[in-house]
Structure formats: structure tokens, C-alpha cells
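All chains are identified by letter, namely A, B, C and D, in their written order; residue positions are counted from 1 within each chain.
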Amino acid sequence: MVAISELQEMYTDMVTARHYEERLQEEYLEGKQPAFDISAGPIPGELHLAAGQEAAAVGVCQHLRDDDTVTAPHRPHHVAIAKGVDLKRMTAEIFGRESGLCRGKGGHMHLFDPDVNFACSGIIAEGCPPAAGAGLAAQKRNSDSVAVAYLGEGAIDQGGFFESLNFAAVHDLPVVFVIEDNDWAISMPKERVTDVDDGSQRAAGFDMPGVRVDHDDAVAVYEAAERAVGRARDRNGPTLMEIQVHRRMGHFMGDPQTYRPEDDQTAATERDSIDRLEADLRARGVEDTTIKNLRDAAEDRVEEAIEWAKDQPEPDPETAHEDMFANPPSGVTDTDPEFDLMGGDD
Amino acid sequence: MSEQQEVVERELTMSRGMVEAIAHEMRANDEVFYMGEDVADYGGIFDSTEGLLDEFGHDRIMDVPISETAYLGAAVGAAQEGMRPIAELMFVDFFGVAMDQIYNQMAKNTYMSGGSVSVPMVLTTAVGGTYNDAAQHSQTLYGTFAHLPGMKVVVPSTAYDAKGLMHNAIRDDDPVVYMFHKRLMGIGWMPAPDGPKTPVPETDYTIPFGSADVKREGADVTIVTLGLHVHRALDAADSLAEDGIDAEVVDLRTLVPLDRETILESVRKTGTLVVVDEDYRSYGVTGEVVATVTDEALAHLDAVERVAMPDIPIPYARPLETETQPQAADIEAAVERTQ
Amino acid sequence: MVAISELQEMYTDMVTARHYEERLQEEYLEGKQPAFDISAGPIPGELHLAAGQEAAAVGVCQHLRDDDTVTAPHRPHHVAIAKGVDLKRMTAEIFGRESGLCRGKGGHMHLFDPDVNFACSGIIAEGCPPAAGAGLAAQKRNSDSVAVAYLGEGAIDQGGFFESLNFAAVHDLPVVFVIEDNDWAISMPKERVTDVDDGSQRAAGFDMPGVRVDHDDAVAVYEAAERAVGRARDRNGPTLMEIQVHRRMGHFMGDPQTYRPEDDQTAATERDSIDRLEADLRARGVEDTTIKNLRDAAEDRVEEAIEWAKDQPEPDPETAHEDMFANPPSGVTDTDPEFDLMGGDD
Amino acid sequence: MSEQQEVVERELTMSRGMVEAIAHEMRANDEVFYMGEDVADYGGIFDSTEGLLDEFGHDRIMDVPISETAYLGAAVGAAQEGMRPIAELMFVDFFGVAMDQIYNQMAKNTYMSGGSVSVPMVLTTAVGGTYNDAAQHSQTLYGTFAHLPGMKVVVPSTAYDAKGLMHNAIRDDDPVVYMFHKRLMGIGWMPAPDGPKTPVPETDYTIPFGSADVKREGADVTIVTLGLHVHRALDAADSLAEDGIDAEVVDLRTLVPLDRETILESVRKTGTLVVVDEDYRSYGVTGEVVATVTDEALAHLDAVERVAMPDIPIPYARPLETETQPQAADIEAAVERTQ
């Protein structure tokens, strides 16, 4: 049975993530007034928010340490929060500020926090191979850290995903692949793009265990992930998990969602995962005031991060030309060696 | 102006120009169909198929799984059977997941088969920055596609060109890569500059590939460019005119084939070349245009400047993207350096 | 039960293919004397021969018509022969001659014969998507032709293969994917690259039927393919087949095969698929002389094709610059339209 | 020649030079490993890992499934964890199945992370034609890789350079694409010309990137080239010398960074530039080298020629490949046209 302290941690992260997305939505849209203009306002670029998907983030990441690696896709904030990414610097990055995680160069789809081994990428399924690589590094170094790759249910038709499953399986890598099934890939419902309702069935072709958690219950995710992460940590190889979640917002901010039937929203809003976990907490005897305190603290932390971020300066344009390489372009040396090559090439 | 010329007043956005050509060809030919992610109910993230689903239904405006290798390759296969697929790569930046189908199959099969096979397909794709979408969603990659042989590469800058080039692309029996700049489409949520909205004839017409268009005539300097930067160059030309510098603006319109004649003719006249490109500076469009001139008209060349995206991934924050992307002011400054 | 006439056709194609590969091997290696030099001799480039894999070719292609499409990988000759590709022009292509199928431009990995809808490509698994596209074209045109994509067992870890399975499954395309399992991908034995012994299991993740024929028996292949091709032709969707075959030669000519245990060869040579079909023919009452006649005719046809090919002229160097495009580079027209665009772009 | 100079007599093939550097670095650093198809028991189809399995075993010389996206991406992931993988793409022509990992992840992560992440990996890959392997197995694609920012791009032409550049590549904290030309490796079944076999010191040494090497000094014309064509250019230079034309041959050695200084210095001296490239002519290396000179030294430039693969897929039959690939005689003719 999950310890109450863990439930409370998960609850805190879920509330943090939910409030975070709602606040970013506000900040983002406010800036696009009067007519939505993607180039206006304090948050640049596209914005993919994950409200409704928190259970998948916290239920898995609760089992992870800082030295475990996580890769996330274009919808990364909830996972980043659950993995412990620096919230202030992440927010500053999303607002395109100098003190952002990536000095304003990456943005919301390309957040890197090496302190907790978190990274994301905006190309569908392409976070899977690097996660396999992190698992490979752990294996080669004989360490017991693990790697987790998140992806959407729309990403399970992409070649890189399959290749990564096979690569992880044949090398017994400590990797967990986590599919967040929110039923939609932008405007495409999942039945339009694959015949398989349960994405975890893809594992069968690789002799890898596949498991689906068919409702966005943080506790159920926690339990399934305990086995999957444990299997990886014990060097028993990879697992594929799929978790049913819900996309409460548009694909990106500004998405008119005209393709989406109304009841798709109502049904799912009813089974909200945060309410569910809150009910669990109550059932386990946690007081209302404790819950309220957790919630308030989480919300305060979000506000603080956003305020801090908005106070940060924008990057100096000249810094655009920095950070191309870790070493100078010439590599580790810039002096040519001197040898006397007999009749050789000099 | 000849007597027979049709007078055109109706103005369209670039997206409407492009879509009108597609709809026309689909009506005329049952074998034309469109495949891509979110092209059906959504109408294309960048309005490339807006409204087509209603008329043609899901069979001919087909949503596909996020499997670019599979569906672009399927377009190659269907094209080799004689159909005329149009397949969309949502952002050109995603080419890396499907490049083998694009360049090793689509582009090469005609040649490798000694001409016994043809691949009459159009690959449409959105290009370009200006809205802070960062390194994986803002590139043009013009040079990357133009370098690899076997594809005709089209980059419209106005609604008029978009329509005529699309008619030619669909009717062409060869693979055509049709790169539309997001900022020019006239999408509601991404306001376009004024230039791309132009009069567009209701009738169908084809603009041949390899015919660059002199968008502004001038005597002092030749600015060669394409896509979004045609409009930035025209802005720069306007303000240069105030300083008494008369710039000619050449819109390449297609990179393959490249209209070397029009470039040469202009440089022979002005003696000065400024090449402007939204793609990365090195090993790309700017070098090729310069070498085109040195190949044939070195003696006529008094000054050259290149204005392009520096060789760095496109940064996210607004001041950084603006710094790296060529602005009208950068073009102006480059021209001034040549005088 | 397979008709005797069909058995005889398959036998003829198998003998043709086997003899063809043996003769090409001779021609190829002869030219590389004294020390193997890949750039010498009458056959240019690499050469991947398929001796031992004939059952997979004939058992499937026996069910195909000229208007059905086949894509093959880098090891294509046996499939091309079974599909009815023009043997003389194919041979001329392999010898790099002007009258080759591709005028000497494609070569042995890039044979195109549009008369029988055959094509191949040297990039692993990348023949799958075009085959799916041929199936898509058949579906859109309401025709009952089908498409078959051949690939090796080493190719089933490649992204494009998986994506094609899913694409074909979700659109119910008339496609059959045929894995030729010869146990090796160049020097890599299959257990080194995947955990799954039976590649047809990959189908499960797409809700597609998968079937394995675990010995290279042309009749067993014929029967399994009858169902798979029939399913496709009847518009019931795709099938994944795997067929155990045997690579009797090196990966390519000149392959030292030092990585390959001796008994790998002996075991498989014993269960040769041509001998097996010959025994079946005898069991069905076909006379020795008939068999000998079939064999002789097949061998004669091969000799004739090779002689013819070697007599063909090499292409004129200038023709290298032809065939880039079907239309002129300018497209369907080279005159600009004339309109009076009011204040417009001209 | 300074007193301390070590005299080197031992000659190696280019493959041995490359492998020696890899073995040295693997001995020195447990975190270096090599992944690729057929790199273990086979020793690399083009001898890139010949002999390494015996010393280092299957854990460090790893065969991988034919899943370039997975294993090249795994190298990116392992590199970001601080390991130093070397991952081989058997032929550069296969880049299309894995280009996203190569250019959207490997090449961009350092910049996109604002420098907080580095990707210390080497991507090795075989390039080049001359043995009739046709359109999907004979390319160099130099321009394709050099155009996209974030990768250092290395092309050795001799055993000496191959070793020193490989040492630098493995020790470098950035992604390096190391393109070795099959014809230069000295593989038993693909005889190399004489040039690439050179004296190679037993000790380790690094050749900095961005230092072009003047392989032959000359006063009359600058031939800029790389890879196989260094040797063809040297052959051409020898025969030009008989006609009294003294050619300087500049071997770029790396395309990124590009040693623009050495090119400029040479052209300022000779006034004449001939660029020779085995890659496709348009939008590639030749244009960039020409534009490098027009950017900085237009006034010094009296004549320019480009000698490159025409913009067509590489044909199979021997006379066709020979026709399209730049030969020593083509270089000679180009030089003569400039005089």
C-alpha cells in the first residue's frame, strides 16, 4: 500500500502541475489579445499544456531519483514538475528569459535540466532513443539508475518508438516507456490512426511486458510503475506502460478544437484525477486542512515561479551567438602537432 | 499589355491561392488526393487544406498516423502506380524521420529506373520562423532540399505565385517539394505582411519552374531572395530608394531548377549582388547564388554580400530569434556596404 | 491441394533462380581475379545473391498477377524471377549495360520493371512504405490488385517496417509483408538483434494476422501465401508472413564469412528447398525426364540471358545526364501566364 | 624542422590510422565504446573497427540491430550522460532513416540547452563512390552534413590525418561527424591509391579542426578539395606541373569548422580558385568555398571553376559513374580553363 507521505507528495505535484498549466494558459492568452496572434504576448511560440495528464507524471516519477533520466515530448511540464525540474528556471525558460534553464534558447518544448536528468524534444517519439541510451549508459557503468521515456498515444506509430523498444529489449536495458493516452493527436482521434486500442500491446512483438492503466488514477499508476521501474532497476529489462489520461485543453493554446465532440470533454472532466486522489487522501484519514495546506503551498510555489520568471531580463541578443559548442570549434587543441614524416604528407 | 489580358481584381491570401489550385486539380482528376497529419478535420495546421474536407471527404483528404516514413513512402508507391498524391510534412523540420523515403526513393527512382518509372507526387511542407517556435519548428531547410538531386523545389512568396506553382506542381510528373512559409499564408492567428496577399485569377494557370520573378526592378543592386524574405527585401528596397539606391529584387520562386539566367542578367546590369536567405548561411542557397554569378559573370561582379541565418539552431526567445533572422534592416545595411 | 502445373511452375522458377545466382557468382568472381577487387570484372558494384531463398519467392509470387506490385530489398533476383521480370533486361542491368532495365543506371539493387510492377531498393525496410502505397492506390481505385513487400529478418527492427504495418492495418490495405528469415543480417545472427524468434509476432501489436512458415518448403509457403494474398485481394486487409530460408552464400560476393560457424551451412544445405520440391513432384507422379526437361529449360534460359546481356553495349557516358526528370525541369509548361494583376505582383 | 621532432617512418593505411586512434582512446578511457552494424565480428564492412573486438570484447565493440534511429539516438543519450560513444552509420547514404536523431537531437541539444548539456559523441560513416555501388551507396553528402549547424564535420584524406583527427574527435565534447572515404581506407578488396598510406607516429596526437592542410604548395592556382579528391587533385597538379602550371592543393580536412583563412591566403596568392568536390554540385561545398572568397577577397579573384558531381543520383554502370565523378583529368581541364 502506498505510504500516505507518498500520496501527499504526488498530490502536491499534481496540484502544482494543474495550477501551473492553468496559470500559463492565462498568461499566454492574455498576451494574445485582442485577436489571437501567436507572436504577441509574454510567452513566445507554441504552448502545449498537460492539464488532466498529471497522474501519468506523478505515478511514475514518484519512483525516480535525480540520477534517473526522463525524456518527455512536446507536452512536458507536468512530467518536469514530477521529476523535480527547477520550477523557477523552467518558467523563466518558457517566458524566454535569460535565466531560463536554457538561457532562452530552448523554450517550452526543449527544456533541459541536467541536475535531475530531464530533457524533452518536440519531435514525435524521438525522445525514446536517447532514453534507451541513458539506460545503456547505466548498464555499461554498472549503476542501478533507470531511464523513462514519455510519449503520447499518437506517437506509437512512429518508427523511432518501435526501434527503441526492440533496442531496449534485446539489450535488456533499464528503461520504462510510458505512453500517455489522451485519446487525441492534435485533431486525430486514436481510432483513426491505429487498430489497437491498447498501445501497450505493441510490447508483445518484442517479448517485453506491456501494461495498461486504463484510468488516470495516480495510485494505480504508482503501483504499475513500481513494478516497471523496479524491474528496470533490478536489471530485468524494459517495460512498456500505457496510461489513460485526459487532455483538458486544446492541443496547443489557440486550438479551436472544432474537431472535438462536446461529450469528449464532459465525460473525462467528471473523472478528474486530482479529485480522485484527494478522495483517496480523505479516505486514508488526511484532514481537509492538510489537503488545503498542500494545495495552497503548491499554488504559491507556482505563483512565485511565474512572478520570478516575469521579473527576469530578456536575453541580450548577442548571446544568440553563444553555446554552439562545448569546446571551441577546433576541438581540444588548436596547435598542429609537429612530426617529421619521412616523405610523408607534409 | 495585350488586348486579351484578363483583368484580375480579386485578392486572396497565399493559403487560399494554394488551396484553390489543389481543389481545382482534385475536381479535374480523381487520382489526386491529399494525405497528412491533421489535414482533414483540422484543415491543416497552417491552412494548407482549409475547407477541402467538406468538398472531397475523408477518402481524398486523408488524415494519417504520425508515421511520416510510412505515409510519404506510401505516396511514392501510389505515385509510381500513376496516382497523383499530395502528401504533407507538417513542418519541414521533421524531415529527419522520413528523409530516406524523400530523397532515396521519391527523388531517385525516376533516374535509377532509367526513366521507366515516374513519381508524380507533391510533397507540401510548412517552413520558416518569426513566431518563436525554436530550433525544431522554425527552419526553412531550403539548402538541404535543393542540394539533393531529383526533386523540384518550389517556394512561393505570393498568393498569385502559390496558385500557379501549385497547378504546375500537381500536373508535373516528377516529385515536387512545395515549401510554403507559415508567415505568408495569411492564417488568422499568424498575421501575414501585406505583400503575399495579391490578385489571383479564378481560372487555372501554371507558373513554370525555373522562372524567377523580378518583383522590383532596379539599377543599382541585385537582391536575390525567396519566400518571406522577398517581402523583407522589398521593404528594404523601399527604404533604400529614399537614400537614392535603386534595388532590383529577384524572387527565385524555385530553387530546383534555379533560374540562373535571370540572376545573371540582373547582376550584369547592376554589378552588385546581395543574396538573402532565411536558411543557414553556410553550404546553402547564398553560396550557390554567388557561385552562379562567379561561374558565368565574375568580371561583372563588383561587390557581393550574403545575408542569412547564421550557422546556429534557431533560438526561442524573441530577441534571440530576431537577432539571428535576417531583418529588412540587415538587408539594407548589406546593400549599403556594397555601395 | 496445389495443382501439379503450379508445382512445376514453381519448380521452374526455383531452378532458374538458383542457377542464375550460381552463374552470376561465377561471372562476378571470375572478374575479380587474381586478388578480389570490387571495381574489376564484368559485374560492377556489390552483389547480393539469394541462393537458398527461392521457396519464399515462388511460394508467394505464384499467387500474383502482373498488375500486383512487389517491392524487394537488396537481395532481389529470386523474387524478380518469380514475379516475371524480364530476365534478359534484368541481367543486362546487372552487367551495367545500355539495354538493361534501367539503362545501366540502377544496377542490381535498383531494378525496376513497371511491366510487372516490380521494384527494389537497397535501403533496409524502405520498400515497405511504397508497397503500402501501391495497396492504397488499389484501394482508392477499387481494383483487386494487391502489393507484396519482401524484407529480410534483419529488417524487422527498422522503423519504416513497423510504420508500414500500422499504416496498412489501419487503412485495411491489400498488402502482404513477407519476411525472409535467413538467420543472418550480414554478420549479425538474429538472436543478437532481437528477442523474438518468430518475426511474424510483430503483427500482434497492430491487430494484424501473422504467420510463420518455419521451413523453406515451397508448398507450405504457397499454402500460407494463398490465405494471405487471398485476404488482401478480398479486401480483408494485410498479413505479415515470415518464411524460414537459408543463405547459401556470403552476404555479398567477397564476404569472407569468418563470423559464420561451419555447421550453420551444413545443416541448412541438407534441407535444400529445391530437392524437397523435386521430391514432391516425384511423389505426385511427375517423371524424372519431365523434371530434367524443366531443369534444362530453366538453365538454358539463364545461359541465354547471360549471353545476351554480355553482348549488349555499355551505355554511352553522355546518357548519364539523361532521365533525371519525366517532364522538363520547368514542369508542364515553360511559358509564364499573362494576366493584368491590378496593383498586384507584376 | 626543430631539434625535438620525432622522425616517423612507419606507414599505415588510413583504416589502420583511424583504428589506432580509437584503440588508444578506448584503452585510456573506459567510457569510450563503439556501436554499429557489423562492427564486432565482421570488424566493420570498411575496416573501421578491424581488430578491435579481440581487444575490447562485445560490450565495448557492440553490434546493434538495423535500427539507426534507435542506436544513433542511444549514442546521443549515452553521450548526454557523459559517456563517449562512437556510433557508425554504415554508409552515409542511409542517413535518411535516422536524420532526426542526427540533426535535431545530436546536433542541436547543446545549443538548445543553452550549453547545459553536451553531446560528446563521434558519428563515423563511410562515404564515396568509385566502385559502382550506385545511387544509394556511393554518395559523400558532404554538403548535407556541413549545412546543418551543430556538428563538426571531419573528412580525412590520409592515414596521418585520419589518426590525428580521430583523436581530436573522441576527445572533443561536441558531436563530430567523421566521414571516411571507402576508397582511401586501404581495404584489401578495394585497393586504395598511393596517397592515403602515410607515415603515422605511434604516439597519440591531435589535429585541430578547422586547420586545412596545404598538401602541395604552388603559385599559379589554388585547388581546394577534400577526401578522395585531394589525391586526384595532386595527380592533376603533377601533370599540370609538366605544362608549367604550379598548383597549390588545399585539403580542407574539416568542413565545420571551415578554415577560411587558409583558403583566402592561398587565393590571395594565386588569384585563381578551382574547387573540387565529390558531392553534388549545387547548394554544397563548391558554392560555399567560392562565396568564402567573394566575401573577403573578391578583388583578388581572377578566375573560378567548380568541378563536382553533377546534380544527378550516382549511376551504376562503370562508364556512367566515371563520367559523372570528377576525375583528375577534369580537374586539369578546369585549371587550364582558368589560365
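In the analysis below, a residue touches a chain if its C-beta (ideal position, glycine included) is under 8 Å from a C-beta of that chain, and two chains touch if they have at least 3 such contacts.
Since the structure is predicted, the reported quantities are computational estimates derived from the model, not experimental observations.
Across B-C and A-B, the chain pair carrying more C-beta contacts is B-C. Look at the CA centroids: the one farthest from the centroid of subunit D belongs to A.
Subunit A and subunit B have Cα centroids lying 34 Å from one another.
The centroid of the Cα atoms in subunit A and the matching centroid in subunit C are 43 Å apart. Centre-to-centre spacing of subunit B and subunit D amounts to 32 Å, using the average Cα coordinate of each chain. Touching of two or more other chains is recorded for residues 64-65, 67, 69-70, 93-94, 96-97, 100-101, 104, 111-112, 134-136, 149-150, 256, 311-313, 315 of subunit B. Taken residue by residue, subunit A touches two or more other chains at 100, 102, 104-106, 110, 121, 123, 126, 157-160, 163, 166-167, 170, 192-194, 324, whereas all remaining positions touch fewer.
Against subunit D, the residues of subunit A that register as touching in their complex are 69, 71, 100-106, 110, 112-114, 117, 119, 121, 123, 126, 128-138, 140-141, 147, 159-160, 163-164, 166-167, 170, 322-327, 329-346.
Only residues 69, 93-104, 107-108, 111-112, 134-136, 143-144, 146-150, 255-256, 258, 280, 282-291, 294-295, 298, 301, 303-304, 306, 311-313, 315 of subunit B touch subunit D when the two sit together in their complex.
Those residues of subunit A lying in contact with subunit B across their complex are 32, 35-39, 44-46, 93, 96-97, 100, 102, 104-107, 109-110, 121-126, 154-155, 157-160, 185-188, 192-194, 254, 258-259, 314-321, 324. Of all residues in subunit A, only 157-160, 162-163, 166-167, 169-170, 192-196, 201-208 touch subunit C in the complex they form.
Chain contact summary for the complex, subunit D toward subunit C: residues 37-38, 40-42, 45, 63-70, 93-94, 96-97, 130-137, 188-191, 310-313, 315-324.
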